[in-house]
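In structure tokens below, several structures.
The same chain A turns up in both complexes below, where it pairs with chain B and then with chain C.
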Partner chain A sequence: MKHILKILGLLVTISAIWIGLLQASIVSSSYAWLLPVYLIILLGCYGLFMVGVGLMFFPTCPQESHLLQKDIAEAKDFLKRKGIDVNSD
Partner chain B sequence: MELADKAVGFLLTTISLSIFSYYTFWVLILPFVDSDHFIHMYFLSREYAIIIPLFAGITLLCFLSMFIGYVMLKSKKKSA
Partner chain C sequence: MEKNMYSIIIPTYNERLNIALVVYLVFKHLREFDFEIIIVDDSSPDGTQDIVKQLQLLYGEERILLRARKKKLGLGTAYCHGLKHASGDFVIIMDADLSHHPKYLPSFIRKQKETEASIVTGTRYVRGGGVHGWNLMRKLTSRGANVLAQTFLWPGVSDLTGSFRLYKKSVLEDVIGSVVSKGYVFQMEMIVRASRKGYHIEEVPITFVDRVYGTSKLGGSEIVEYLKGLIYLIFAT
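Our next item is the complex of A and B:
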């Protein structure tokens, strides 16, 4: 419940700032009307950018992968010797 | 394969950066440029700056709801 209240509070502040900008005419009126759309597109672009950067710099650990494969083979062997069949078919 | 992942990541970053710069230039900078500058030929008129994102958002919502409905129908048919 607190999370929803936080998000609602954020939305209310942003809309209050936007309506204040509209009324006080600090920036020209056409800019103030386009600002919410611009902010939403900015948010989408930021999310996409973070996803792309995370994909590009994702660390793969080849040594760990090799050790993990060895562990899996060892475990399969052990279990097969005890009589349990763990083939992944 | 890591190279395919890196290529997709690079593609996503370039797409996001290009959309950001094009839209920023379109909405924020272009109104200050003289109306007979050549750069106006590369940008549509400013009403489209609202229509195109709105249309894309509505298309996305439609696609999402269709996908959710399809998955729900498929799971209901499987359990029936």
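Our next item is the complex of A and C:
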């Protein structure tokens, strides 16, 4: 099934619940009408939160740069010994 | 038990220095494995192919295959081209610029053997993995892009744009046929289509040190390209 259909299915389900809430008057009418707006705001906040958390805990590896430099030196040394000239910049 | 053969496809364009370093490191880390390196060079003006020919003399032409093309034709077609010459039962794709370190190759192979996965993809965004050389803006766009993709696309992997991957050859052949995107959206489409087709995908953490030699770019046009790619994938997969 195409992904967009899954999303539409989800939206239809949410809409059905929303209409149900409006009809059944479990929640007060004025509040119920704004539920989709609240949902979108919630989604936006969730997104921003996830970006923030991800940024805070972004995995970094500063030691890898040093290790890489060592590997490069080792490789260059080997290539030089074997007569392969790469003209490093 | 039959021994597996791994075909490593490395597209190159002006990677004269890097390709020699990468080849050395691949041989260093894959000593116990049976493999070949397929270098798809798009007629680099800096003499990349000359270096590859010297490497062939050193390591053997059966281990290093130079399958060049007449002009700069892009990544997706480079993989297709390399795939035609691959004799392994597994295909590994990686970049030539040392952002993908060959020391992770054994972990890809191990993971595949343990889980019998169809695809093993490297992820920079989990513990044990990581990135070096990205400023705050770069990290922000990366994280924002990832959150968008996870929220709306449900891709099934944590690192969507990564291009350090191991595929079963038959799986790569199957998926690559249905991919139409170019550039790095190609990588996204590959993994999403594979996920939609139900292929078993595993991830291994990798570290990514941004370009040591040469320049890497991420500007407004890349962001637009990403968003267009994301929308396309939501509707087309």
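Observations on the structure shown:
Everything that follows uses one rule, which is that the second predicted complex is superposed on the first by the 70 of 89 C-alpha atoms of A that agree within 3 Å, B and C clash if a C-alpha of one lies under 4 Å from a C-alpha of the other, contacts with A are read in each partner's own complex, and residues count from 1 in each chain.
By definition in this document, a contact is a pair of C-beta atoms (placed from the backbone, for glycine too) under 8 Å apart; a residue touches a chain by one contact, two chains touch by 3 or more.
Because the structure is predicted, anything quoted here is derived from the model rather than measured.
For chain A, the partner that touches more of its residues is C, with chain B and chain C as the two candidates.
When the two structures are aligned on the shared chain, A:8 is found in touch with neither chain B nor chain C. Once chain A of one complex is fitted onto chain A of the other, the partner contacts of A:39 are absent, as it touches neither chain B nor chain C.
When both complexes are overlaid on chain A, the residue A:78 reaches chain C alone and has no touch with chain B.
Touch criterion met: A:30 reaches chain B, while chain C stays clear of it.
Look at A:55: by the touch rule set out above, it reaches both chain B and chain C. Shared-chain residue A:17: touches no atom of chain B or chain C.
In the superposition on chain A, A:68 contacts chain C only, with no contact to chain B. Once both structures are placed on chain A, chain A residues 46, 51, 54-55, 58, 60 are touched by chain B and, in the other complex, by chain C. On the chain C side of its complex with chain A, the touching residues are 16-17, 20-21, 24-25, 51, 54-55, 58, 98, 101, 103, 124-133, 136, 139-140, 143-144, 146-148, 150-154, 196, 207, 209, 212-213, 233-237. Residues of chain B that touch chain A in their complex: 2, 5-6, 8-17, 19-20, 23-24, 27-28, 31, 49-50, 53-54, 57.
On the side of chain A, the complex with chain C involves touching residues 2-4, 6-7, 43, 46-47, 50-51, 54-55, 58-62, 64-65, 68-69, 71-72, 74-76, 78-79, 82-84, 86-89. Contacts from chain A toward chain B in the complex involve residues 30-31, 34, 37-38, 40-42, 45-46, 48-49, 51-58, 60.
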